[in-house]
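So, here come the structures, one by one.
Note that chain A is present in both complexes that follow, paired respectively with chain B and with chain C.
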Partner chain A sequence: MTIERYCAPRTLDEALEILRAGPVSPFAGGTDLMPQSQAGRVRLAPVLMNLRRIEGMGGIAENDGVVRIGALTTMTQLMDSAVVRERLNILWQACDHFASDQLRNAGTLGGNICNASPAGDTLVPLLVLDARVELAQKPNGRIETRKLPLAEFLLGPGRTTRAPQELLSAIEIPLPAEGFYGAFFKLGTRPALDISAISIGLGALHDDGCLRSVRIAFGAVAPTAIRAARAEAELEGRLLDQDVIDAAVQAADTEIHPISDLRASGWYRREMVCNMLRRMLEDARSH
Partner chain B sequence: MAELRAKTSPQGSDPARGSLIGKRIPKMDAPDKASGRTRYIHDINLPGQLHAKILRSSERHAKIVSIDTRAAKALPGVHAVITAADVPWQRPIGVAKDHLPLKTDRVRSLRDEIAAVAADSVEIAEEALGLIRVDYAPLPVLTDPVAALAPDAPRIHPAPQGADGGPSLKPGLPVAYTGKPDNVAMVMEYAQGDVAAGEAGSALVVEDVFRLHYVTHCCLGVSGVIAEFDPSGNLLLYSNTQVPFLHKREFAELLDIDPGRVRIIQPPIGGGFGSKLDIYPFEPIAIFLAKITGRPVKLVFTREEEFLASPTRQPVLLKLRSGCTKDGVLTFREVETLHDNGAYTSWGATTPFVMMQTVSSLYRVPHCRYRTRAVYTNNPYAGSFRGYGNLQATFAVEAHMDRLAEALGIDPLEFRLKNAQDPGEVTPQGMHFKTCGLKDCLRTAAERGDFLRKHAANRARWSDGDPVKRGVGMASMLHVGGGAKIYPSDGCGTILKIDDFAHVTLITGASEIGQGSETVLAQLVCEELGLPLSAVTVVNNDTDITPWDVGVHASRTTFIAGNSAIGAARKAKDKILALASSKCGDAAEALDLAEGCVVKKATGERVFELAKLIRSLHFSDKAELVMTTHYYEPPSVHQDKQFKGDVSAAYAWATQVCEVEVDTRTGIVRLVKVTGAHDVGRVLNRLGIEGQIEGGIVMGQGYALTENLMVEDGWVRNPNFRDYKLVTAPEIPEIDVSFIETMDGEGPQGAKGVGEAPAICIAAAVANAIYNATGVRLTSLPFTPERVYRALHGAAQPLEWNVPQ
Partner chain C sequence: MPARIDIAFRLNGVGKRASVAPETSALEMLREVIGLTGTKYGCGEGECGACTILVDGVTINACLMFAADCDGRDVMTIEGVNATPRGEALRRAFVEHGAVQCGFCTPGIMVQAWHLLESNPHADQATIQRGIEGNLCRCTGYKKIIEAVAAAEAVERGQTPVEQSREVQRG
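Showing the complex of A and B:
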């Protein structure tokens, strides 16, 4: 496949116009797109559009209890942000476990989301944080946007509800209450530069030995990163004792559908989800 | 004149005075490499050069019915598309000459070369590959080496046939290859003593099956070659080979020309580790294309190709049976291995050479039997790789040292000390250990690693509820340290010239592949001549200039090329001192060279400035140059047919203690610390040897814990660095290395070879450490989290020896 045109629009408006005209491969950091097209797993469209020059599609801002993160924000920028570190710490932890410095400098949050890998490391904390995605398009001369919960955006490996003429413009995260506890766990063969064999996100508010607003998400054990509603329900408002932890782990076991691949067998993934969720809940209890 | 790689060490890095031996000397090529100035083969482009690409098989085992190259040939920018039909004069290559560069009648693995293109650019060549149509008739696929021995197994190398059923290699053509009646590529057997008697005299016998996996070298500089013919038909190759002089001859044979007409220039090589010891199809293919097009042809692998089409470490299934008396004296060892040879035979099949040495001679064992069968399959094929079978053999032998010790209730250190070799020993295999620091290695590593205390303490924690366990394990190794006489000569030549400014050019046959040989050779010469390192330029990469050397392998270069360089330097020194003596009247024996001068030995008083003295010789009526040559041949012998003989001029020893942390909830094993003690003879360049040992340890760590070329049914599933996991910086353990200096009498300044040693024991020591942490013994590599977790939770498949006799 040869690329017929390369473009690097400066504005969202211009970019959406190019997208409307036609099959386009948008790329941000290129850290997924390039290896995937080289390996022949993704066919590049005739037009390659670099998103990185678009003004206003990056940056992290807090407004009215909502943190808005531009799709072009890199992992490094997330890690450097005080809001992310202090209020969305679970996302910060995931960035800390993400690949390597070089990849963190290039890879974007928008790219991680649109790539929709079941093992995408930011998806798990974003699900825990009830993030919403904002999509923009320009169907008839005017920019139109829509917002939807991340969980509805993700359809399957590499598949989302993004229409071809849409761009992911931003991610919005409602600020969790003060004291919100968040923990991210990632399992790989080595501590750096590895794709998750499984990952787990846990978020909750501590209340007198109980957990409230419990949110649990898993990566790499289903076609998309998923929330574990049944496990959350087992924990919600209950005193976090051994029985409750057992029940939550058992519930989680019913919510995952791990496959066997290069990184791990389905059996091992299931064992790890159970063992590590248990450990994380025990850690949360003593926190 | 083609580009020469000549390097001079940066000014000012030399110690002002005194001996250079044991000093920390930066590598001469480091500034260029660190500043991106090094010109690797990738950076070399010749005028008029074409770019080549190879079409590889998409079938694991099939007959080639037809190949249609018409569309590819018609593509603008394409200069040649060749298949076996275009080079009927091609000859089989490789260790067993069972491998035609371009396949005629059948493909035997996914890497098999079917056609090749030379074009104006890499992109055009790639596009042309896509236009070649190949029709295959699939054959039954054989990827299980055990199944390869079954009487009704598909044959991988029947007599070669063309599409018409007739012989594809026409009579009268110089192809020696006639096929194989069964799938056994090679058998190697060794015996000493009487194993039955040894077993009868044993109080204790243990037996296990071990499985060693595929890993690959991961040279950062991928494989590549540039081939060019001059109008007279002389061949010039820019090649990353580790054996330029052997290849010169092989390429000449391939082309049926005089070897004198082949010249090999080695640009700086981005890593070898043994991978570049054999000829691989891509090299003849580039030569064919250069011959056919009359243009220089460059062929450089992509990273994916490097994973798919460069050799691997030899995968092995190994059964070991060992015994000892009730007092802990080893009685016998019996080893049988099945080597998966893959589709063709390269050096991997010959790893038993080294494996049997470890079995017979790492410790004293009176009775041994060893047998390897290497069988053809449709898998990738294995070459030589740092350690050459020794990682595999040591893994098994050292597991049994721990098992026997435990069963007897003796600690692992004492058990090893009881059976360790001593200096002076001649083993039943004929190896003569003139120096041997094994016992010092054992004691030093154990003491510095606090082995005995930790070993006992960890064991006591097996059932204490903590999910995170600690363990220590030890393993030792024996490896050749003074070359290895596997060819009639194991020698190396040197030409040394001192110009009229007392600048030395050291022209050595020894290849530099990143190991630091040019620095250590320059250092040895400076030590003899009393010159600073800045006074030496090393020339080591052009067969038209450099004298013969057998190649860079078997940890031999410092030892062999070092002795050769010292020999040449001593001859130059003799000449200079004789001249000085004739001028000043003092006896030559009373004079010495130091700090660029001739000095009186007794007082250090300067007599002549060296540069001036040499000028006076050169520009005199005698008009003589100081230029010497030396060829060093080590006093080792070729092993006999029973594999007996003193194959190396010296032997290297080491013990490594590994400390691990095992998370029993995940199976993650963290290598916390490696305490090594290495008998290196003598430390020459301290900085260099530390780098070599640390690098080797990390390579051994990858073999033990993370690296795994996943070959499933003949497919390589992870041909990329994302899924083939090298060790990265955060995982590198604390490393504590002690040098045991046994001052080998034959070694250059007392040194022994050390290149392969540090990688050899890590996996064995880690296995012993995991056992010490958890009470679970793993016999399959690598120790990835899932494999360890399965073993800890009783969910691992036990290994069986189901290999037909």
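Showing the complex of A and C:
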């Protein structure tokens, strides 16, 4: 590993120009890239690019019913944001379960998404919130952006559809309707500094004993964080009674593909997803 | 040719220059290049908090930060924290409450506690416990550390432990 050049561009334009010129390892907080490169799991490119100085790639703004979050926003900044706490509370809950104060101060939302860990804690609430990612590149002298649903961006552990010359510039979240209920559950062996063994996100609107606009997502039980469309369909618009909860849990069971690793066995992950989803739906009913 | 990067930043209130390799961590720079060894190397991967420093007023794990990213920023280590009134109060409280055994975790915990008390000087024990959850201590069992941090604010006001316990009894 020989790094020939280090750069810390101040504008997105400059950063994209550097990316176009050749292989670059970008980083923001460095909390994934530093340990991964030191352990030899990731080979750094000849150019190491610090994204943190890029102006206008942080900040949280709400416009026309869409919340736009700059890729450089840290977990602490998300937690300090009133719109995140009040309107996107499920994302706030996930940040609250994230590592430690030190890591929340350094780790960015863009880094969590681009690292694409199946256990990435923000991915589950972002899937529940129907988040879209914005990618920028500069192919022929002009900045071009594309937006796509997060679910299409994630391909597998550490893999996304980001092209090497692209940067993740922002995340966009349509504001959920007033009264949107969101709950995040993370299973670890201790509250702090633990990577999720499984995680579950549930979002819905209450309507007279029924749930509507139901969205369920799981972390760490498939190659990427996933939405559970069949479980959602079992719940959508139906009276939330024991039979419906049973059917949703059974559907979820068919949608997950947990593996065994040092954090948990596949069997345990499956049991926990089914039992905790059931508990979360019962909580939602009494909410 | 492997690159070297010349950076300039504030370190404990004083301007500092250093020349580092791109892959160097801020922790390695502080300890090996600059020679400030108060910041400890425990795990090197973000798990233990022994390397906690302040960058632009917030705490981070120095082992996870690229040294080059210090360029232009305001860095404070245990050596700087120690020289502040709050740092001194924390140090006295740690000694008076027996919150130090082997001492390896102490610099990191003091920096993290200092940061917590900056924004929340009257933090209760539950808040302190959450605030230092990124710092591991293999010796004390945390109880005395949490008590010491809770007592630091009173120490800063100049109270002795005896006066504090009287206050608690009266309260």
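Couple of notes before you dig in:
Definition applied: the second predicted complex is superposed on the first by the 287 of 287 C-alpha atoms of A that agree within 3 Å, B and C clash if a C-alpha of one lies under 4 Å from a C-alpha of the other, contacts with A are read in each partner's own complex, and residues count from 1 in each chain.
FYI, a residue touches a chain if its C-beta (ideal position, glycine included) is under 8 Å from a C-beta of that chain, and two chains touch if they have at least 3 such contacts.
Treat the numbers as computed from the prediction; the structure is a model and nothing was measured.
Taking chain A as the reference chain, the count of touched residues is higher for C when chain B and chain C are set side by side. In the superposed model, A:Met276 lies in contact with chain B only, and not with chain C. When the shared chain is aligned, chain B comes close enough to touch A:Ser265, but chain C does not.
Residue contacts after overlaying the shared chain place A:Asp101 against chain C, while chain B stays out of touching range. When both complexes are overlaid on chain A, the residue A:Leu44 reaches chain C alone and has no touch with chain B.
Of the two partner chains, both chain B and chain C are touched by A:Leu193. With both structures placed on the common chain, the touch criterion links A:Val244 to neither chain B nor chain C.
Looking at the shared chain after the overlay, A:Glu4 reaches chain C, while chain B stays out of its contact range.
Overlap of the chain B and chain C interfaces on chain A comprises residues 35, 39, 100, 191-193.
For chain C in complex with chain A, the touching residues are 1-3, 5, 21-23, 25, 44-47, 49, 52, 58-61, 63-66, 68-69, 71, 112, 115-116, 131, 133-135. Within the complex formed with chain B, the chain A residues making contact are 35, 39, 100, 187, 189-195, 197, 262-265, 267-268, 271-272, 275-276, 279. Residue ranges on chain A touching chain C, taken from their complex, read 1-6, 8, 27, 29-31, 34-35, 37-39, 44, 48, 50, 52, 76, 99-103, 105-106, 191-193. Those residues of chain B whose C-beta lies close enough to touch chain A in the complex are 304, 665-666, 668, 705-706, 710, 717-718, 720, 722-723, 725, 727-731, 784-786, 789-790, 793, 795.
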